[in-house]
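Per-chain numbering from 1; labels A, B, C and D assigned in written order.
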């Protein structure tokens, strides 16, 4: 039999070989001396070639002893046997990294099939540790200036700052946070609803709704039974109305509250310049300024509600919606999202670039084929994006044979582009979220221990 | 060579060190005494520092014996070597938890890279055990009152209750469940179809359909070839018709059946108040009351079918569709869904909040840019939600340059928001479903053993 | 220190205990005798309680020897220590199953956290083995009748059957398969294109296209600039045209080919009744019969092309599109899809039921709120389904405040319902596909070995 | 007790059996001689049957020694015990492959439940190694011709080629790459914007926009309040305008730059024919030729801007958008995408075929049911594709009962088809991307070591 022959041959060449016994952390490994010589320049090859008793030699038990991880050593020893380094899947890549260094090997020798698992662990260690840091309260470092020269004023300032910033610090702080959130919600609700028909009153009621009789006449005359809807759209005009007085009052109350809050928080902020640069505080200022200017304008010249400046101030108030981010301040999931986006900015760009490439190509193609329908390429870009993301408004639709064919390709490419890129962007969020959640589940005193 | 030097140095400092042999569950581990001293306050550090024979010392074999898990100990011992605690990936986190406690370590020392796998096991143990409990029949605990004082009446009551509640208890019970389901389906089908044109008859046939000749005349006169559809919409009017008499009869039959069923089930229910509060029974009552009131009204005053109360009773009948949940009662997947939603309520809120934030911002932006097209922010919210979820009705579409640009961002943010948050909400359902399915596959007597 | 005390106490109670040494497949495990007694009725508990030398006792080495899997035993022994059975993640569940049986334990003792991984392996073993069988050629079993009584006719019949059924058997068989596929594609292409304007000729050309001058007059008269599109729709009428003569000839050629093929294949089929019931052959018959009847009708009465029977035969030809499944016959991915759907039928029902529940509830809600827009519940069902699956045609859209709110809920519930249920349905397909692909990559002679 | 009996029986038949001790890489395994005989023809069976001392016999320690992987051997030995080969999950399939070969076993004996993990590793090794090669710079192999006969000219040519091709080679090369990209972006931007209304001027301004007063008159006369939009579409006509002179100049500059660049790169290309065939260079030529011909035409005959050739040249310029791929040249993610698509071409076909099958069936069905709405099957195909991918433009929507039902099935099948097939196509991209990213994170000198 072939197998027997093969066996005999194998053993012949091993004849003059010495068997090496390695005790790694209490587990014993054995191999031929010649095996260890196969990868020169490494710790084990040195052991094998020196052929002399070295410090790790235990003459009593006739073995070499190394105080290392026995599990990882199994893979490492097998590297000498097969000249392929496969890392064990159940041992953390960071352990393997350390062992590889000890044995004088390089991580680059890890085969591609096992590299992924290995490097995943290394990456996670860094990013997740950074994530843990991200959730550490920075109040102590912020207030270091005050802690250095402790006076009763500084002590009070720190107490107030903790009160303002850390809702979990005391009951009062929690109450304050709730009130603050209530005003943010109130401000946003006011802003959204004051644009809504039912909350608006006409400035001067010259436009009268056409009664039904009139409507029927118009319909009879024009033969257009859709006229009612069209007329209704004309009757109600946004620019001829103003928000109800209650909405305006609520608006002023919110403005007053946010101004006061900003001033107080600025006063107690330990590092003023750092405070001003914080994104949420920048938003605060952005929301307040147009409001305050508008109030000043009205006070100065009450009748002039049509000046250009006043109007642009009104328009700028839309920025106020950004206050929604203030709600997110103490919401860990949002912070994780921001962290994920920061870390995955490259992947996000990847998605945008892939989408853009597809969109440009299909926009040009549809413009080439249906230039009467898609008058210009920017319109084609709008259509292609809406199609590729499977939104499909239907405001612009191909109408010719060629257009249909391009549309089909666009749809399929869109589905694939989204499917290819989105998981890569999103990938880490689930991991980070799960990590943060399992940290949050720990009791508070344990979490503190964590924050080394 | 540098490596050799490094090796020599390493071994020098170990010279005056003692080698410790630890027998953990039969597997032998060896390390230097100095290694064990590195993490003070733990069981192994005590062993190393005491330098005296302790109870676990086996003088014969010159080793310490511990009756613990040898696999987990490999990671634990490596913690002493590298001062980084990496948990083994293939050992359940709950084993590791127990071992860490025994060796005097804390789970907080686990590195972030291995924490996820570790805490996943801990979580699953709890949630899946709760899921198993969720599927345990509670009839025995419910009927405990009757079991305490066993009389023939109580025995009969319990038999009846099991018959009504547990379709798997007997053939008759199964038959009853099927009949009950049939009436639910009949009730829903009746309700849906009685609104459909073909199943309705006119109350008084004053409105006559316009014949085709007339239609052509109208079209010729107005030049509006869409007129036919518009007219048809006018001809058939929901309020001028009533459901066919057969539908009404079916309706009454269902009402009678559900009333009887509720009364009987209430009579045999072991805990009356608990019974009334059950969601499915609340739905039953909600569905029945408007129906019964309507019947009483008709009996009292047969001609008055236009009174306000009668009309509102008719409207309230829509609630009847909730009977669809009665079909779900014995459907395990639905119970798993409910359980998942209960457990993932936080993640669901996350999705809603993220969507809402995006929706509010884009609604404001589109309102700011196209205030003539999007008259108010609530309309913008509708558009933004429909766009972000890629539904894209197309009833409201941006029409200007600025609107297109905001639309593009809205679409991309929508795709990402959904992609970021949905997997987190959905995540556990697949796990719970797979778990429940593999439990269901077990033969019934085995499943009972499970329910400890 | 507390830890020291605890250690002392632990060891005291172990004092009068005996240490057991178990050699499992060459790996040694040690534990206290008392530990093994903790789970009574199992093999190890018996060993511990009998306190006598049993057959597995090796007096020389003073240990019990078992020829079992040492890896799985680590978990099993730990069950005695902690009374919680956690299965090792890297050992196949089927190995664990066997070991549990040997040691007298039940799989039901596995903790929920490790149950999933364990039962996954068990499931996969069954379903994937079934999948492997699914791809085994059944020609040999089919032709068993002929093999029993070998005559030259039967031999020829078998050769022909292999030729017709197994494209990989010979070059000629491959050629035949290609020709057969060509005719299927031709048949489908003919069918699709003969409905298209460019491939149709008018039956009698009474309807003349209106020239542009006429169009402008109509536009001027009616003031409707959309009239052109409307008129064009009228000018081209499907019923007034017939397919081009070339299409008809191709149609007849395909019909002739498929008839011949069916007859030949029927003749050589080893099991006639089994052949007739095969889904693909049923489709063949369904496609051919209307065609043949139509031809007979034309032959009998050439002028009567308007009879009801003839028309319904024409309509029935639509069934012909099902021939597309004939293309799939030799396409392994399609067979995997069919297998997946068969296995996941329960999950598919789950998706349908969840969608249906949602659809019914939202249909009722929208009907309740906007009964003037959504005239009946079936229409609401259409809208709800189109919305929940994020298709969003926009043919029916809510128009009131209440409708918008219901629409928002419908959209979000839809996204979630799809996200919850689709992964569960789809789950196995990727696994089966990957499995089948890795099997297909094996060289053919190896694949045969596999099919035990 | 039954268990005891069973135990006794088991041990009886083992009585006359010999215990074998196998030392595999230092780990000891023990089993009965009879166990090893169970799978004949393998290395271990030979060992057991020969019953003689073989070369691997270590008489001193009374065991057989094999210098192999002890972890994998645990599974292999268990194969002899249970006759089912389950591979360990945490050992790379490539290690298992080698061990199986050594022990005389075949990978085909691996059970289906463990096959997936095993073959995954094998696949990854190949595809990921190919991916690594894909990113290796090929400049050295390209320039081999010049390196063979080193002259100062050849040296300069190589330097220039490296400068042109490898932006990371020097600062200047980086600068050149940036300039090159800038021109690509400029060219694309010019192309897109020159079609946009604001960047176009009328050729001869005969068409005057209708003023608002006129509009109101038209509206009043026709009763068509949509007339404004329709008129606006007529007023602005693409063919009556030409791009602004600035756009044209930018266009010429880009053309000049790309021509120069192509000529220079062609001059320095080491292998001319290979250079010409490169996809990106083919695109370059395709983009330039229509441009150059147009310029020549204008030079020859400046007034004739309406000739057919000139017009078709203008149209062909759309190809220019393909220059977007030139941006991708140095973008690794794009190369990974191309590689993924190359590797997954089979899976991509799978998706297309499944979609096509669904589309054809639903197109026929909707054509059969609503032949007045869907005039021909190609239109039905468009509708079915748009529905199945959940784009849902709403330009064609079913309008009858039957159509609604088919629409519902189409939507659900679409969602499922996409969900079934897309993950399979996309599957590998995330893996390849993660692999490439972890490679890119390595410091450059390390990456070079990798490229063996």
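Here is the rule we use: a contact is a pair of C-beta atoms (placed from the backbone, for glycine too) under 8 Å apart; a residue touches a chain by one contact, two chains touch by 3 or more.
In this text the structure is predicted, and so the values were computed from the model without any measurement.
A.B. asks: Could the interface between the copies subunit A and subunit B be described as same, meaning over half of its residue numbers are common to both, or is it different?
C.D. replies: Different-residue interface.
A.B. asks: A-C versus A-D: which interface comes out with more C-beta contact pairs?
C.D. replies: Greater number of contacting C-beta pairs: A-D.
A.B. asks: Check A-C, C-D or B-D against B-C and flag the pair whose interface repeats it, over half of the contact pairs matching by residue number.
C.D. replies: When the contact pairs of B-C are compared with those in A-C, C-D or B-D, C-D matches.
A.B. asks: Go ahead and note the Å separation of the Cα centroids belonging to subunit A and subunit D.
C.D. replies: The computed centroid separation for subunit A versus subunit D comes out at 25 Å.
A.B. asks: Could you work out how far the Cα centre of subunit A sits from that of subunit C, in whole Å?
C.D. replies: 35
A.B. asks: By the touch rule stated above, which residues of subunit B touch at least two different other chains?
C.D. replies: Answer for subunit B, listing residues that touch two or more other chains: 27, 89-90, 222-224, 378, 390-394, 423.
A.B. asks: Looking at the complex, which residues from subunit C come into contact with subunit B?
C.D. replies: It is residues 1, 3-4, 7-8, 10-12, 14, 19, 21-22, 27-32, 35, 74, 77-78, 81-82, 84, 86-90, 106, 108, 111-116, 119-120, 123, 218, 221-224, 227, 230, 350, 353-354, 357, 360-361, 363-365, 367-368, 371-372, 375-378, 381, 387, 390-394, 397, 401, 404, 407-408, 411-412, 414-416, 419-420, 423-424, 427 of subunit C that touch subunit B.
A.B. asks: Residue numbers of subunit D touching subunit A in their complex, please.
C.D. replies: Residue positions touching the partner: 23, 25-27, 41-43, 46, 54-56, 65, 67-71, 89-95, 98, 104, 121-122, 124-125, 128-129, 131-132, 188, 191-193, 195-197, 222-225, 236, 238, 315, 318, 320-322, 324-325, 327-328, 331, 333-334, 337, 340, 351-352, 355, 378, 382, 385-386, 389-395, 418, 422-423, 425-426, 429-431, 433-435, 438, 441-442, 446, 449-450.
A.B. asks: Touching subunit D in the complex: which residues of subunit B?
C.D. replies: Residues of subunit B touching subunit D: 89-90, 390, 392-394.
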